[in-house]
Amino acid sequence: MQTVVHLVSGDETEQQTALAIAENLLADESGDIDDVAIVVQAGGIEAVTAGGDAADDVRHLLEDGVPVKACSNTLEMEGLEASDLVDGVETVPEGAVEVTRLQDEGYAYVRP
Amino acid sequence: MQTVVHLVSGDETEQQTALAIAENLLADESGDIDDVAIVVQAGGIEAVTAGGDAADDVRHLLEDGVPVKACSNTLEMEGLEASDLVDGVETVPEGAVEVTRLQDEGYAYVRP
Amino acid sequence: MQTVVHLVSGDETEQQTALAIAENLLADESGDIDDVAIVVQAGGIEAVTAGGDAADDVRHLLEDGVPVKACSNTLEMEGLEASDLVDGVETVPEGAVEVTRLQDEGYAYVRP
């Protein structure tokens, strides 16, 4: 099974929950979770900036092989560049399209 | 691919994000998104009232062919009539049932 | 059709909405909803504690046959025991894994 975590909230607690849930999905001992992806957009983008409070958690997830995909529409709206994000974070044209694509491929959706 | 956007939050920023994401899904240049629908309930209902701050954004989505479906249970709880909503917003008996039906038909789910 | 309601928010209004939506799914007169489940984790856990404000609503849902599944990772992080929860609430190792499993079995996902 596969899961996409949608990091879309500007609330710091919800952002921390999203990252923790991604870690817990990875750590799941049932062995039923094959892949986890994180799609970041809107208020959630702050959580994946290189200078953000959650940057170390994001690095840890990237090191564990979780793709972190940031929405280019959000970057543009927030006046951010891809280079402002934690190294290794990818960009996609639109977060919700990526979330749709992943669900279409069979990923379950979780929005903490 | 098809996507249902669930406009369920009473938070104005999350409401604006939901409407913007629906627009972005429509505008997606990959051509992979065939249909977008919005289901509105609970705290989200304010966003689709005729006098609400987001009314123009809702009209724009309706003009672009996005069905906007408001939960009748929410209208009743909030003492609202269908006539209080932006012209063209439909009603459904229960928003979460509609969201379930759309997912059952193959729509991906996005909750901004 | 089947629906899983994800009770993951620490916001009391969103918690009440989640429980009300579960009731509304059950009460749906179309007869299209066969099963409803609630998965509780992160900030949502307060809503299913025996002493919480929503305890009576949770009992009512359990009496109506809705399984309520609390995340053990959350219990541990919050220093709670299963015995602190409303009688009848089950535990699962990780809420997001359970949400993934239910979607994999065909449940639609709703995150109020």
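Note that the chains are named A, B and C in the order they appear, and that numbering of residues resets to 1 at the start of each chain.
Throughout what follows, a residue touches a chain if its C-beta (ideal position, glycine included) is under 8 Å from a C-beta of that chain, and two chains touch if they have at least 3 such contacts.
Everything numeric in this text was worked out from a predicted model, so none of it was measured.
Fitting chain B to chain C on C-alpha positions gives a rotation angle of 120 degrees, to the nearest 5. Annotation: the chain A:chain B pair of sequence copies touches via predominantly different residues, less than half of the used numbers being shared. Separating the CA-averaged centres of chain A and chain B is a span of 24 Å. Multi-chain contact residues of chain C, defined as those touching 2 or more other chains: 109, 111.
Taken together, the chain B residues at the contact with chain C in this complex read 6, 8-10, 41-43, 73, 93-97, 99-101, 103-104, 109, 111.
Contact residues of chain B toward chain A in the complex are 1-3, 5, 13-14, 17, 20-21, 24-25, 28-30, 32-33, 108-112.
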